[in-house]
Structures are given as C-alpha cells and as structure tokens.
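Have a look at these structures, which come just after this line.
Each of the next two complexes has chain A plus one more chain, namely chain B in the first and chain C in the second.
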Partner chain A sequence: VRCQHYPPLRALQASAVLGRVSDEHKKEPLTSSSQQHFDSHPAGHQPEEEPQGPRPSYTGQGGQESEDYESEEQLQHRILTAALEFVPEHGWTAEAIAEGAKTLGLSVAAAGMFHSDGSELILHFVSECNTKLSELLEKEQKLVQLGKAEKKPVDEFLRDAVEARLRMLIPYIEKWPQALSVLLLPRNIPSSLNLLSSMIDDIWHYAGDQSTDFNWYTRRAVLTGIYNTTELVMMQDSSPDFEDTWRFLHNRVADAMNMSSTASQVQSTGEAVVQGLMGAAVTVSNAETSRALR
Partner chain B sequence: VPAGGASLRLCSTRGAPEGINKPVIDRIIRVDHAGEYGANRIYAGQMAVLGRSSVGPIIQQMWNQEKDHLKKFNELMVAYRVRPTVLLPFWNVAGFVLGAGSALLGKKGAMACTVAVEESISDHYNNQIRTLMEEDPEKYKELLQVIKQFRDDELEHHDTGLEHDAEA
Partner chain C sequence: RALAAGPEMHFGFQTVTEAERREKIYQVFESVAKKYDVMNDSMTLGIHRVWKDILMHKMNPSPGTLLLDVAGGTGDIAFRFINYVRSVREHQLQRKLKHHQNLSWQEIFESYQKDKSNSLGDSQVVVCDINREMLKVGKQKAQHLGYSEGLSWVLGNAEELPFDDDKFDVYTIAFGIRNVTRIDLALQEAYRVLKPGGRFLCLEFSHVSNPLLSRLYDLYSFQVIPVLGEVIAGDWKSYQYLVESIRRFPPQEELKAMIEDAGFFKVDYENLNFGIVAIHSGFKL
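Up next, the complex of A and B:
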C-alpha cells in the first residue's frame, strides 16, 4: 500500500480536549496516544492508565493498531468516515463532521480538528473511493487470472472503471460541485492532484498498460481528461440513472481509441512518405551521375 | 492558518511489494532506464556514422548489450510500477546527436566518447549499489544483482573503448 504521508502537525490541545471530553462521556478513552508524538504535555492533561471497556477494532483504515491505543490519524479517519453520512444533509462542512463525531460518542468540538471548509472530509472521501476502486479492480483482475472471467478489451475496461468510480459520487451528487471547488483551492491542489493521478495510474495499470516510453504520459493525460469531463457532465445530468453521462463517457473513450489508431496511421503514412522521398532522391542522384558520365 | 491544521495520511493502494523504499527504488529505476535509453541512442548515432568502418562490429556488439540492458529496465519498470522520465524525447535526440557528433570526429572521437560515458555510468551504478547496500542488501538482492552485472558490462565497454582508442 503506497501512502502519501503528511507529517502530523497535531496540536496536542485538540486531542487533550477530546480526551477530557470523552472522559465525561465515559465512552472513548484516549490513552497516551499523544505521548507517541510529543515529549512534553501541557499541564493538566492526565493520560489515562487503564482503558475503560473493550477497545473496538478498526479494519481497513491504515495506521498501526497495536496494544490498546488508537493513533490520532485513525481517530480522524473514523470521525470523517462517520461524517460522510451527514454530508447529503449538511454538505461538506464542519456541521457534518460534528454530527459524525457525535455518532461516535465524541464532542462536537472534534470538528475543530479540521478545516472549516471541509477539505479533509472531501480528501478523505476521495481517498476512500480510490481505495474502493483499486480493490474492485484487483478483484476483477484475480477473477481473470483464475480464468473465471473474460479479459475485457481496453476501451470497455476503461469505461467500466471510470463509471464504477463516478457512481460512488451518486449519494453525494447534490453537494459534489461544492466539493470540486474546494478541491481546487490552492492549498488542496497538491493533494487532490496526487489522488487523481494515482487513481488514473491505477486504472491504466489494471487495464494492462505496460508502456515505458512517452505513451505512459499520453495515456494518463488522455484518461484524466476523459474522467474530468465526464465528472462535470455528471454534475449537470438529470437523466434516469445518469444514462446521458455514461453515453458521453462511451463516446469520449471511443474518441481516444480512434485518436491513437489515427496517430499510428499518421506515423506509418509519414514513414511511407519519407521512404518515397528518399527513393526519389536516390533515383535523381543516380540519373545525374549517369548523365554526367555520359 | 486555521486552528488545528489537520493533516491526514491519504492512502492510495498501489500494488508495490511490501516494505520496499518506493521513492528510492523509483528514482533508481527511472534514472537507470533513462541512462540505458540514452546509451542506446548514443550507440545508434555512432553506428549511423561509423557503421561501415572497421570499428563498426565492435560498436554494434556494445550496442546489442545496451539493448539488453534497456530491455531489462523496461521489465523492472513495469514490475515496480515506476513512471518513465518525462525527458525521454529529449534523450532520444540528444543521445543520437552525441553519438553521431563524436563519430564524425573519427574513430578516436567515438571511442573517447564511449570511454567517458561508460566511466560515468559505472560510477553512477556504483553509487546506486552503495545506496542499496546501505538500505537493505537482502531486500534488494535481485535489483542489486542486476545493477552489479550491468556495472560490470559497462566497465567492459569502457575498457574496450580504451583499447581501440589507444590503437586507432
């Protein structure tokens, strides 16, 4: 698993507040998780010695789960995942995060850990969708390897992968335009570009791309264009089950396939023309030579 | 800066072998691939000029070995899911021009070019071997083997170049 790791700049206060608050709720004891990151504690933070009750186990959220503490990152992941449920109602906002925190038995102050424009929530969602897509493509690949499924032609594969990924937006489609604009904020561009490019790379990898020349870039650029334009079309699509969007996608992928075959046709035509010219040049020079010798 | 600037680790699942230092391996494979690609083009340029001379067969032989090297790095690139350098079109032209240009200076020129290039490539491979040994010789055994073999091949080319440089 390749992770983009951002060094934690965690303010100790936030987790301390959570610890104290959750003490009150007696639900989510945070034992010394902060001690792992920092040497000094603010006065007044009392790390708990014993966790109360059984520790819930988290699966598939990344990070280390050892002994009986939960890393800050894992906690953040949990809160954001819980917050997704409230996005259709509240949008990608601190309110949704606060509601999510409440369902986990944490204080609404937990939303203070995150930016007020919902950046982390959106990036978390995108990252989760990409992970789901990779798992889906991995599963399909295994089926093909085991001979239980037919290998799809490239255009069909790309179409299906992009459709599968875009369908994950459907529950949040009302609020997705807002998310797109947040993803374009300069602060978020490195992360969102990174997520986008690794998703596109994943799709090509499972589609069987093995190019080691400039095609590597061309293919990814083309697919990124297809993905982005289809996403925008989807935002404005009101047809039943987004059939207009999938038709648009179908056409764009077909265009791309045509383009690449046209490009190779142009290249072979070009080569043929060059050969013709070389032949003509040799003929002319031979004619000159023989005339000079006469 | 908003209060509590959160920072999350955003994971994208990439099928990389577990436990390898992806950024280091990425760089190594990308640079080596570019290098072998460039070397290929250099020899192609030299062959275009000196192909029919007495050193033609020698250059051809060294070129063939470089083609094998490039093939190997193509395979490694796919296996480790490394992206190729974006400067490939540039190395395509620059390598050919360097090869043809040095060949136009005559056989000595071509051999001198070979000696210089192979020397710096061997140095470069040696540095990479050192880096990988410092990281974890066991984990990177296969890659180390490949690089060591290629380094020896390049040193051979270097010595061949010296031989013919001195003779011619």
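Up next, the complex of A and C:
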C-alpha cells in the first residue's frame, strides 16, 4: 500500500509547530520568520515579516511534499500576502487569493480556505498596514529620543501619521471602495472596528497622549472621525499626488485643535457661570435671612 | 494486501468478508446503473440536485482547475463543474474586455477569438469509477447533453487510483465513499493524488441528530425507498442495501477524524438538511 503521508502534529493554535519537510526541499533562503519557527516553539504570535522582493518559490519536484510551513494560520498569512499583488487586477476576491496561492506553488484550490468575498484578505491588508505604521512611528520616536530629530507639534504629528497610513492605500486605491464596503458587512464589523481603534490608539500613543481622563475618549473619537472622512475624500480625489486630500486633512486637524481650545474655553465659561449662579443663590439666601431677622 | 476470505465487514446490515463486499457492491451498481439518475430523483424528490449544486458552490472552482471526481459514475458532479467553470470564464472575459476599452477593433477581435477557443480556461475533470456500467451510462449522458471538452472517463478503484502523485487541484467523491470498502485507503489515495494546497471534498449521507427528524427519516428510508426501488428499478435488494449502508456509515465527527488521519488540514463539515447529507472538506497542506 502506498502510504505517503507523514503523521502530522495537529496544530490547534498558531504557536504549534508542524515540521514536515520533504527530502527534496530546496534549501532556499527562508523568510526570517520561518527560520525561527523551524528550530524552536515560537512563544506566541510573531509579526509576519514578508520580504517585499521576489518570493522564494516552493514548487514541488517529483511526488514529494514541498512546503515547509509552521501552522495553518501562518501559511494562510503567506498566501494572503502573496495575493496582495494580484488585487489591483482582480480586486479583493477569491481569484486574487487563488493567484497568490499559485505563486507559492500551491494549488488554486487553496483559496477555498478563505471566504469567497475576500474579507480575510482585506482584514489581513489592514492589519499589515497598521503594523507598518506602528513601526514607522516607533522609528521616528527613537530618532527624537536620540536627539536626531525635532519633536513635532501635535497637529503636525497627527497629519503626518494619517497621511503616511493613507498613502499605503495608493497602490490599491481603485479597488479600495469595494474593500470598504466589505469591511462594513456585519460579519466583519467587530474585526474592522478593532483594527481601526487600535490604529488610532497607536497614533495617539506616539503623539504623546498621557491622558487618563475623559479626554482619552474625545481624542480617539476626533481622530477616528478625521481618519474616516479623509479616507473617503481620498477615494474621490483625482488631484496630482492626492494634494486635495492632504489639504483636507490639514484643515480637519486644524479644526480639531481649535475645537479643543474652544472646548476648554467652554468649560471655564461654564465654571464661571456655575460660580455666578452659586454666588447669586448665596446672596439671595443671605438677603432672605437678613430680612427675616429684621 | 490479502483479498482472500479476509476480515468481517458490513454490507448493509449483513456481515460479509472484504472480498465479498466488493463483489456485492459491484453487482449493486451494475444493476442500478441505468436507473441510477431516475432513482436519485425519486428517492430524494429531486433535492440531490440542490445538494450537488451546493457542493459546486462550495468548491467555487476557478478556470484552470483540474478536478478528479471519484465514484463519479454518471457524471453529475463533472457536468456541474464544467458549467460552473464555463460561466466563471465568461465573466472573466467580459471583465477583461471592459478593461481594454482603448484597444483597436482588430485587437479586441483577436483576443476574443483566442479566448473563445478556450471557453473552459484549461479546466479539466477526470471522472473515475470502479464500475464499467456506471461509466457507460455517464459517457452516454455526456454525449446526449453535449459535453465533450475537458472531460475524461477512467476506470479505477478509489482505494488504488491509477494516477500520479500531486496531480489534481480538487478531489471530490459524491455519494461514493460509503461504498468504498477501505475508506482509510481511499482517503490516503486522495491525499496522494492531490497537489499541495489541493482540496478534498466529500458529499455523503450522514447522521441526523434531531430525534424527531431522525424518526421520520428512518420511516421514509426503510418503508418508502425499497418500495420505490422495486417499482421503478425492479430491484428491492439494491435499495435495501443503499438505506442500510447509510446507517452503517460513520457520522460526521468520525469521518472528520478519519480525514484528518489521512493527513488533511482545516478539515470541516457542513450539514445539509439537518444532517441527512454532509459535505466534508479538507486541504492538503
């Protein structure tokens, strides 16, 4: 009986390792993440670092299994990342995923692992962009700490961060409206909201937001509003290098800065009004008391 | 592999040896082959067509897919596959033409010609069955319905497929795995002939857990179906076997475990009609 399967270690979580390497596996330069996993159990989730250049191909030879992967989730990540380059042509669809799988040497049927509406592909892309943004902000912060760069004022920081993040959409901008509508499907809303809010959180964190009070919520709400509206403007922008969008962004951030100073003005005015009322009440009660005593 | 009076196996509710079982099952399908489709329609009140459509939708094949349909007998899955791929291909071509708005008429005409001759986009389906009679009926149907391109018919045993390793994108077995004597071997063969990343799909009668429905289903199965078999196909015994074999077949979770044992990943199942039928899916990763 020809029995050519290797007893697999069942991978239930992303941290389990499945070591199944064929004899004829080509010793190509593995991606850095695969190298680590191959030798030891990864502690938990590792950020996917996919090389942006030509991918090592995993085409099989003869009848041997030719992949080397660590768990189902990580393989899925690799497929989705490979699929991104086909999005401009095929959109955020199962077709793009199938093409991506093909470049990894897998059958097109592997796209069946994902939803046919491309949700996972879009969420994967958003998550990757957010990670890239975090890394960018982290690097900038280091430069400031080392004294090699000036600390930006808050409004400039926000503008630059949002612009950097939105620029990542440019290669896919034609199909992005489709992606936005998929992200709004009820099924996807929890994940997409989660990704959005953690990105906004990140930006404020690097902007130096230390607040632990009511301001924390207002700041996030305001920045989310700025980000979403700018994103929508960008979809319809046809100016060279999206300069209209950046101008819009500049204005919205300026508005937000003004609004916050207005808000504190309102607050102090409010306090003043309350104090006035209190004073008036005390005066009136004093007057009553003194009249009663007369 | 000893085929002589081997271990005890079940044939419906009877107990037979392995060799006897293979022989008996071959005879069952030999005798029902001509009335197979008619019986399917009358037993399931036509719902089997919906089940097979759902299977095809789940597969969602893209043009260029190579499908192996095992125990595919009369070609139901194969024909659906061809239809599906053809329509996907048409959509693709339409989209391509929309993209090429600024080509000259000559260029559009040429690309249209080239693509028209490739209406299936290089997709192919191989129908494999152990039973000559079933294949014969299938081939006749194909001719009758006008399917010729991208279709091949191969005589073969699911437990020992006559194909090389790593050949196919998708392997399907619809209402066939129940009749395989050594299911584990069939699953191993499925694993072997699939490409890395390839998908295993199994459509089969399964276990109804809802007690009320289960009673009704049993009633229908044991009282109505063999009678239909006698009336329509003149063959009570074969349909008695059919109904019994469904009861003897492992339920959803057990089949899932068997598929995982063969090496497949992301194994999952979807119940149709409360578990009367289930689609199991796994990937060769």
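One rule holds for everything that comes next: the second predicted complex is superposed on the first by the 203 of 294 C-alpha atoms of A that agree within 3 Å, B and C clash if a C-alpha of one lies under 4 Å from a C-alpha of the other, contacts with A are read in each partner's own complex, and residues count from 1 in each chain.
Keep in mind that, in the parts below, a residue touches a chain if its C-beta (ideal position, glycine included) is under 8 Å from a C-beta of that chain, and two chains touch if they have at least 3 such contacts.
Keep in mind that this is a model prediction, so the values were computed, not measured.
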{"item": "Broader residue contact with chain A after superposition on the shared chain, chain B or chain C", "value": "B"}
{"item": "Chain B versus chain C as contact partner of A:A101, first or second or both or neither", "value": "second"}
{"item": "Partner chain(s) touched by A:A109 [first = chain B, second = chain C, both, neither]", "value": "second"}
{"item": "First, second, both or neither for A:L123, with chain B first and chain C second", "value": "first"}
{"item": "A:T131 touches, of chain B and chain C: first, second, both or neither?", "value": "first"}
{"item": "First, second, both or neither for A:Y217, with chain B first and chain C second", "value": "first"}
{"item": "Which of chain B and chain C A:S198 touches, first, second, both or neither", "value": "first"}
{"item": "Which superposed partner A:L75 touches (first chain B, second chain C, both, neither)", "value": "second"}
{"item": "Footprint overlap on chain A, comparing chain B with chain C", "value": "1-6, 8, 10-11, 62-63, 112-113, 116"}
{"item": "Residues on chain C engaged by chain A in the complex (per definition of touch)", "value": "1, 58-62, 64-65, 164-166, 169-170, 185, 188, 191-192, 194-199, 260, 262-263, 265-266, 281, 283, 285"}
{"item": "Touching residues (chain side chain A, partner chain B) in the complex", "value": "1-11, 13-14, 62-63, 73, 76-77, 80, 112-116, 120, 123-124, 126-127, 130-131, 134-135, 138, 191, 194-195, 198-199, 201-202, 205, 210-214, 216-217"}
{"item": "Touch list for chain A against partner chain C, complex", "value": "1-6, 8, 10-11, 58, 60, 62-63, 65-67, 69, 72, 75, 94-95, 98, 101, 104-113, 116"}
{"item": "Touch list for chain B against partner chain A, complex", "value": "2-16, 22, 33, 73-74, 77-78, 81, 83-84, 86, 88-89"}
